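Two complexes are shown next, each including chain A; its partner changes from chain B in the first to chain C in the second.
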Partner chain A sequence: MTAGPAAVTAPITIRSGAGHWLRSYVMMTRWELGSLRMLLPLVVAIQVVIGGGFAVGVGLLSDQMPTRAVLYLSTGVAVVTLITVGLVMSPQLVANHKTAGTYDFMWSLPVPRTTQAAAWVTVNSVIALPGMVAALLIANWRYDLPLQVSVSILPAVLLTIVTATMVGYAFAHAIRKPMITQLITTLVSFVILGFAPINFPPENLPGWLADLNLYLPFYHMAVVMRGGLTEGLVTDVGISYLVLGVYTVASVAVAAWVVGRRD
Partner chain B sequence: MAVNVQAGAYGDSTVVRTGPRRWLRSYVMMMRFDVRGLGQWLTIGIAIQVLMGAGAALMYGFYLGDVPDVAKIFIATGVPALGLIPMGFVMVPQMVGQQRIAQTYDFIWSLPVPRLAAAASTFTVFTLMALPGFATSLGVGVWYYGVDLQVSWLVVPAVLLTSLMCTSVGFGMAHAIKNPMVINFIANMIIFFVLLFSPIIVPIAQFPDLFASVHRVLPFYHMAQVIRDALSNGFVTDVGTSYLVLGVWTLGGWMATAWVVGRRG
Partner chain C sequence: MTNATVNDWTFRAEGVTKKFGEFPANDGITLQVRPGEVYGLLGPNGAGKTTLVKQVIGLLKPTSGSLTLGSYDLVEDPDAARQLCSYLPQAQMPIDSFKAHQVMALTGMIRGGDPETVRRRSGEMIEALDIGEWRDTLGAKLSGGIKRLVGFAMVTVWPGRVVILDEPTNDVDPRRRRLLWEQIRRLGDGGASVFLVTHNVLEAEKSVDRLAIISEGRLIAEGTPSSLKSQDRGRMRLQLMVVPGRATPEMPAFVHDHTRVGNNVMATIGEVDSAHAIGWAQELMGLGEAEEYALAATTLEDVYIRMTGHTSEEVGVEVPA
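Up next is the complex of A and B:
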């Protein structure tokens, strides 16, 4: 009986501040990792196999690949791994939440919604980075690449992951129907693999398609990543950082808007 | 009149109807059932096939850059063959998997038609669904690479047998494996390995010996062989063996299906 009044009169405090945010972020990251538990090693393994397999497999298609093409392919595969996790796989995980009916529950958790987005980026990195490294190592073993890793790989990876994840995050949350999400992700992976100069140099594309890619983020992701992995393969890295930076800010803004609205 | 109908309704239910005419009628009815059941997926499936076929024809060119004329012919004749694979190996298993998840799987087997008529209907519908994609990717390839192909009448049996083989093996696999997740996984792995590690758009001589000998047993290389043989001159030898291997795989798919379909429970 004494518990009743106490519960009613307990002050309703809205917790906020950096400490609360950080604590929520850690909890959400643990939550997301925990809910992937069984899937996590499998997904990471698939990323590794696909990344490495792709680098080796495409090499089989060509008799004698010039070093330049091989470098494009191998670094491109690493980029593709980062992009597909953020833009293809994670929207599908959100879509699964919607199908399973656990989606609204997630939003009802007493944590700032931005921590959920931040946790999502962290989890995606956990999934994508081993795949990226493995793809590079396998490619390096197969082709003996002249790779030159520099410090600029860090901002390059960070910008690429954040942008890809946030774009994927925004549309996964904005689109109600899981089926449509599925369709879009399929289309996106098709474009990334075949019609953006990531795995091959832009001059292999028809002129107009290469030009179009200057306005999309994928090519620039590849450029900044190659800037951090190789010497002399790409020029004008600054412009690519600029374009990618704009995409990063825009994608975070859209994601924040999607996540912040109530319906 | 009303009495007749009632008597007929009761009377017919105990008669086991058989014979080729009844089989044919069931087959046609099941095709209508399948086409209606696919509904908008029919259009979407064909549209995806067409888009992906056209896209793939271009994509390989982007990857390989400037290639010699022989390689162009291999791409232009290989990509249409490649495009036949997803319909049978991905869409058919996924359809069966969906039926299991939606729990309509048992209902379909409970329909009063011969089970083989139901299976034959699925083979027919999906074999035909793959054709527009094939034509598109062939057209786009010929246009983009500017190659000169010699199309012979053999293209009809080659394409039909290939498509039928894919549908049959996919169907057999989907029925033999109960867990839809496992089927999905296998289907995706097949696509991945076939897209990357198959001598379909490149000569088999380019492959390491181990891969090459595995591919002489698997159906994918032979699909490319019979289709390339029907579309060009002088690139394919020993096409008879390839037809034979495809035939064996088709039969294998049918036998797996017959075994699963025939048993009860």
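Up next is the complex of A and C:
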């Protein structure tokens, strides 16, 4: 056999800087999308079915639903789709790496660890956005909603998906046992669906719980998303952007710290 | 120190201690690996080998001690550690959704290689490891041994200055195992420092330049295979196959030490006692206690057993107190 591995090719200079980060991000996104290649169509299809199914299901609650209520529920479904993909799906995929024993290899790759997190945000967007769009399109078709999509939907989606993904990502990496991660994310998604004013206005909650939600990100995610999808349904969008912005920065910082630390 | 001044690529571990709680998984390990050297880390399961290499690649942080490669402090600069070191973990690789040649090239590019070169090298590796049949097969459809070879190619298609291979030959068939050893040797010839973690002593004996034996977190011996075996000069190994179900025969006074794995009893004796040993073994066969025996020169395995109290098989071992 004549062919063989390379002579030593590792760099004399250690790569760093924006160019290295960007190249690593592209490579890791290719890796993550490639890893999910066989699952991705199915996962996206399920998200579309869930989003669309919820939107159709809203009409089954009552045949006399006021437009405002339908608008609230339909846009709420879109928000829940983004949050659950970030908070539930990404931890489960990280947990799969841990269970399969492939976590060490992924973590030994010579890329800035933040690029691995950024690649996850991209993957989650690919997974979540079709479901969100399907929910809105189906709701719009089914209920003839007065949706008014504005350009502010872009920062709203970005902040929501980055925050949800980074919180889920930090959970998944910080907690050693994959099963505990899955239990926690299941609990979190249950709490979000039941006790965060996403599918209903905060006035429907007990006062203390409504107040508590002002300090949590989920209500504000719903506000900024509705701000980008409707006209006049929500007010004080600026405050919600501020709170969510703080959560985004904090979640990115915590995720960066978690992925950078070593036992 | 600036990168441009780096010209000494010796890997150094100095007094590396890693504690999990109060338990020292590594206890003051000091060793050096020079460029071009294939360095074996031998030891039973749980000895601390994988813990040590995980600290080199920056997956764990030492409780105390230093790990350096030339002028780079691998503990303080894990980004540099990951760029300078390639790592094949003991576990399987996450390649189920990739075709073999694609994942080699993609990993090579992630490691910093240019697309054209890593594609060419992937092809060369596929040929060298004789896995062309599976070039376009998805990882999920590969056998464990072929996956292992693809994993090896992934981490060496664009190798680091240090290449860490944790049990690279696991599940690989004997013919391709030879090809794999050839490639490991070539990595060293290409200038990499190869860290080979294994508990397969016999394979390591043939392939490493130097080795360290680690037991209970401590480095208990280091040297070339020949220098370690020289400690057993003048000794022979008597291998007895005990009749299944029979107890281990009582050892005569000339037996220095013995171990039993399954029905296989390995006893170390002095060369001068060879005739006595043969006589004793034949007597046991006559009594129906043993089925066969063999007398041979000691190997690194015997040194390893004596030092660690384990065989490299690590199952059902009976070691005298």
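The working rule: the second predicted complex is superposed on the first by the 249 of 263 C-alpha atoms of A that agree within 3 Å, B and C clash if a C-alpha of one lies under 4 Å from a C-alpha of the other, contacts with A are read in each partner's own complex, and residues count from 1 in each chain.
Operating definition for what follows: a contact is a pair of C-beta atoms (placed from the backbone, for glycine too) under 8 Å apart; a residue touches a chain by one contact, two chains touch by 3 or more.
This is a predicted model, so every value here is computed, not measured.
When the two structures are aligned on the shared chain, A:204 is found in touch with chain B, with no touch to chain C.
By the touch criterion defined above, A:62 lies against chain B but remains apart from chain C after alignment on the C-alpha atoms of chain A.
With both complexes placed on chain A, chain A has more residues touched by C than by the other of chain B and chain C.
By the touch criterion defined above, A:158 lies against neither chain B nor chain C after alignment on the C-alpha atoms of chain A. Of the two partner chains placed by the overlay, only chain C lies in contact with A:31; chain B stays clear of it. Contacts of A:101 after superposition on the shared chain: chain C is touched, whereas chain B is not. Looking at chain A, you'll find no residue that touches chain B in one structure and chain C in the other. Per the touch definition, chain A reaches chain B in the complex via residues 50, 53-54, 57-58, 60-63, 69, 73, 190, 193-195, 199-201, 204-205. Of all the residues in chain B, the ones that touch chain A in their complex are 52, 55-56, 58-65, 192-193, 195-197, 201-202, 206-207, 211.
Contacts from chain C toward chain A in the complex involve residues 3-4, 6, 35, 54, 57-61, 72, 77-80, 82-85, 87-89, 91-94, 96-98, 102-103, 106-107, 109-113, 121, 124-125, 127-128, 130, 140, 153, 156-161, 179, 182-183, 186-187, 190-192.
For chain A in complex with chain C, the residues that touch the partner chain are 1-16, 24, 27-28, 30-31, 34-39, 97, 100-102, 104-112, 262-263.
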